[in-house]
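Structures for review follow.
In the two complexes that follow, chain A is the common piece, with chain B as its partner first and chain C second.
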Partner chain A sequence: MSRRTYSTLAVAAEIAVPVAILLLWQAWTVHADSQYFPRLSTILVEFKDMWLFSQFHEHVVPSLVRILLGFGIAAVLGIALGIPLGLSRWGRLLAMPHIEFWRNMPPPALLPISVLLLHSIGDVQKVAFIAFFCLFPVLLNTIDGVRGIDPTLVDTARSYGLGRLARIRRIVLPGAAPQISAGMRTSLSLAVIIMVVAEYFSSTNGVGYVLLISKNTFEFAPMWAAIVLIGLLGYLLNLLFILAEKRFLAWHRGWRAATGS
Partner chain B sequence: MTTVASEAPTRERVRLGGLAQFAAFTISIAVALLIWQLVVRTGLISEQDLPAMTTTVKKLWSLMHTSDFWIAFLQTVRGWALGLLLATALAVPIGIFLGSNEFAGRAFRVPIEFLRPIPSAALIPVLFLTLGTTLKSEVFLATFGAFWPLLIQTIYGVRDVDPLAVDTGRSFGLGRFERLYRITLPSAVPYIMTGLRISSQVSLILAFTAELFMGVPGLGQEVNYASSFGLTVDLYAYALATGILGVAIHLFMSALERRVLRWHPSQRAGTT
Partner chain C sequence: MLEIKGLGKTYGEGAKATHAIGDVSLTVEAGEFACVVGPSGCGKTTLLKCVAGLMKPSRGEVLLRGKRVTGPPDELALVFQEYSRSLLPWASVRNNVLLPLRHKSVPGGDKKRLVEESLDAVGLTRFIDHYPWQLSGGMQQRVAIARALAYQPSMLLMDEPFASVDAQTRGDLEDLILRVRDEYGITILFVTHDIDESVYLGDRVIVLTHAPTHVKEIVGVPLPRQRDQLATKELPEFAHLRAHVYRLIKREQEATPEPDPAGLVSV
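And now, the complex of A and B:
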């Protein structure tokens, strides 16, 4: 088999396999005829009816706002805390026990506590909850990224008379950027999961709320439409982030290609 | 002689560092607990919202003398372990296959890329209504969540094998399975161990989530009870226990990783 035939076949498989999976799903749901697993075609029609765009504003927008706000706060805080901690050994020694504890805490364990402490099941509690747990991937990656910077670079900058802030802005932040970005990507996926869990626990609107209501009323088509939407949301946010990363870290990739490292 | 002379100060510094680390660790935790106690005792946060540290720790201590606590604790551990084991049994072979077979890897790339970021928590209502409040629901959810990170890591690990090593193996007459067993697997193991560490955390989170939302017995269900009946002190005590379990599992998995990888250059002493 020539290389050309092979790559044509591979591309064909890349298209055929997902299509086959969807067809199998449809065939199976038609065959099973179960109320729990409505036909894929029914789910898609429901999806169109609900999310394009009659309930989009009512339920999807609040969820998106919570994800993005929570994620944004986590990213800013994570970088702002991670840089000093990455630079200071004592800071790390003192902070690590707490970081290790909270980052290994299963987030749902704090859901009732967050409602209790913040006296809210609305945006304040959702955003704070998402921000808190999305903080750790950014924070830990920032610390690692800062620690991984070649000390000679920082020393050189110092001997050229760059002040502390200039060193952070020109050497530390760009040097740690790829790893900070990796942490942010993890946090973004995490934000979607935590949004779902937090809304499913207690809320008055949002995609997780739709999931909860359709469970309580045994309506399977809207439930599956919500699941498909959450999947799409996770996928698209991840995709957007990768595109943004490619754009903002282009200098870094170019540099890596040029030096062959 | 020179080696001894040069090693001595290093060892001393390490020991001093260890002592300083221990002191920093203890002080840091003591200060945090003290702050917790103070914000409640000074009334900064009402005791109805946040019980004092001493009250919570006392509650946890008395819970730890009941068998109900340990049953719930072990039920959560069971959900975590079964989820992680099943995910490993599925993800590692599939990952090896997709990683070593380029054609299969490409054919399944899109479905995997699409399924991977789907939050498994979205499946809770479906599981609740189909499998019900059973261990099956919990294990299914934990397995589903833990499967993806491990699968991706295994695929990456297998792809990262040095082709020269594989070719050398081939020219030494090693068969397909022997190459897999002696070359591909050992070099993918560090990736697989990283995947296991991530998957272990995911498995615990989802086991707990299943208990919290579906009423499967375990720590999650206890948290749900305490929250529904307004037993604030119990709620905090169980959350604290859950956090401690999370840290314990993390330490266990890190120790396992070090042990499994002790032959690997990244774990050998003195290669930093």
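And now, the complex of A and C:
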């Protein structure tokens, strides 16, 4: 099989399988006629009515803003804290127990205190909440990435008189970038999850809030429309991230292929 | 140019201490090509790192133009054995060579010229926009040499730079470095475990003992300055010198009381 045929088939399979599942869903729901599982056609009509675009501004935009802000803050903080910790054995010794304690905390456990401490169920509380939990994958991956940098590279830079900051900028940051990126990808998916949790339990708008309202009013079509939207949101954000990574870390793919590592 | 005075390095303390370098004293004159050879595990890399200011010696001192080395000196460039680990895989050949110039006070136009000239000197102009991992091992080491040249050092330290390339490439690189030495008028301290290489390249060969390392003998190489892979190696003097250095090291290896000191000294 030629490479071209193979990739055509792969793309076809990627599209055909979900389409087949959706068709089965439609056939089954028409047959079952259950109020819990509305027909695919009903869900799609609901999806179009809600999200394209009458309620887009009211509920989707706030959720997206929270995800991106929370994720962005987590990424910046995670890298800024991870680099010094990756470079300092003493820093890690002091910080790791605290990091391990908080990173294993289930998000709902901190929801009440976040509402009380930040005196609100507004955007600040939700962005802070998302940022807090998204911090850990970036932070831990940055620490690991920095520790994994070849000492020969650092020695080379030192021998050429690059100071500490120059070494961080020219060696440490680009060297740890592939692993930082892996951590950011995990955080991005996590941001979607935390967004739904935070909005479901403490919000007056957003996609998670729509879930809550449709549950309370026993409306299954909007609930399914929201579920589909959340799934698509996660899928598309991940896709965008992978495209960006392919562009900015192109060297890493080539290097891995060349060295077999 | 370079003076090493009573240099010693001990790793660890008390009963567990490993005496890598006992007491090494030597000088390298300006413009000289000095080769350092010794049995495996004799602390050659440790010695070089102390000279490069990357490692603090336990005893003694290193003087470069009479100035004590306490950190990496400006006029010194280091070429490692592991080219694949000393080149930045995320940077093009051009940016790799530019690395040491980025934070040096050289006008921007001069930086570009230095990068291009030094890549020209090692014959890699065509590959300036490649990534290092797209090149063969020998070419990667030439990038590392070009980077060292662009830094405009008065002295080049080389740590077994040709140990991981095939024999044919090694011969080419040896001749390249001799040519570069003449063109740039650079002083070279060259560590190797290859006896032929040390005699072929060096004006003098410094033979070290096993750890704790001392200087066993300094062998002058009175071969014609213009070296040639075939003609030079056919000279009877070359054979004599090679055999002499070989015997010194062989005797040293037989006298080795213990294997590598805990693997601490990489050669």
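Everything below uses one rule, namely that the second predicted complex is superposed on the first by the 238 of 261 C-alpha atoms of A that agree within 3 Å, B and C clash if a C-alpha of one lies under 4 Å from a C-alpha of the other, contacts with A are read in each partner's own complex, and residues count from 1 in each chain.
Operating definition for what follows: contacts are C-beta pairs under 8 Å (C-beta built on N, C-alpha and C of every residue); 3 or more make two chains touch, one makes a residue touch a chain.
Bear in mind that the values here come from a model prediction, so they are computed numbers and not experimental data.
Judged by the number of chain A residues each one touches, B leads among chain B and chain C. When the two complexes are overlaid on their common chain A, residue A:166 makes contact with chain C while staying clear of chain B.
Using the contact criterion defined above for the overlaid structures, shared-chain residue A:252 touches chain C, although it does not reach chain B.
When the shared chain is aligned, chain B comes close enough to touch A:105, but chain C does not.
Of the two partner chains, chain B is the only one that A:230 touches; chain C does not reach it. Residue contacts after overlaying the shared chain place A:148 against neither chain B nor chain C. Overlap of the chain B and chain C contact sets on chain A: empty, with no shared residue.
Those residues of chain C that touch chain A in the complex are listed here as 49, 52-54, 72, 74, 76-78, 80, 82, 84-86, 88-91, 99-100, 102-104, 131, 133-134, 151.
Residue ranges on chain B touching chain A, taken from their complex, read 20-21, 24-25, 27-29, 32, 45, 49-50, 102-103, 106-111, 113-115, 117-126, 128-130, 201, 204-205, 208-209, 212-213, 219-220, 223-224, 226-227, 232, 235-236, 238-239, 242-243, 246-247, 249-250.
Chain A meets chain C in the complex at residues 150, 152-153, 155-163, 166, 170-171, 174-175, 177, 251-252, 254-255, 258-259.
By the touch rule above, chain A contacts chain B in their complex via residues 6, 9-10, 13-14, 16-18, 21, 36, 90, 93-98, 100-102, 104-113, 116-117, 119, 189, 192-193, 196-197, 200-201, 211-212, 214-215, 218, 220, 223-224, 226-227, 230-231, 234-235, 237-238.
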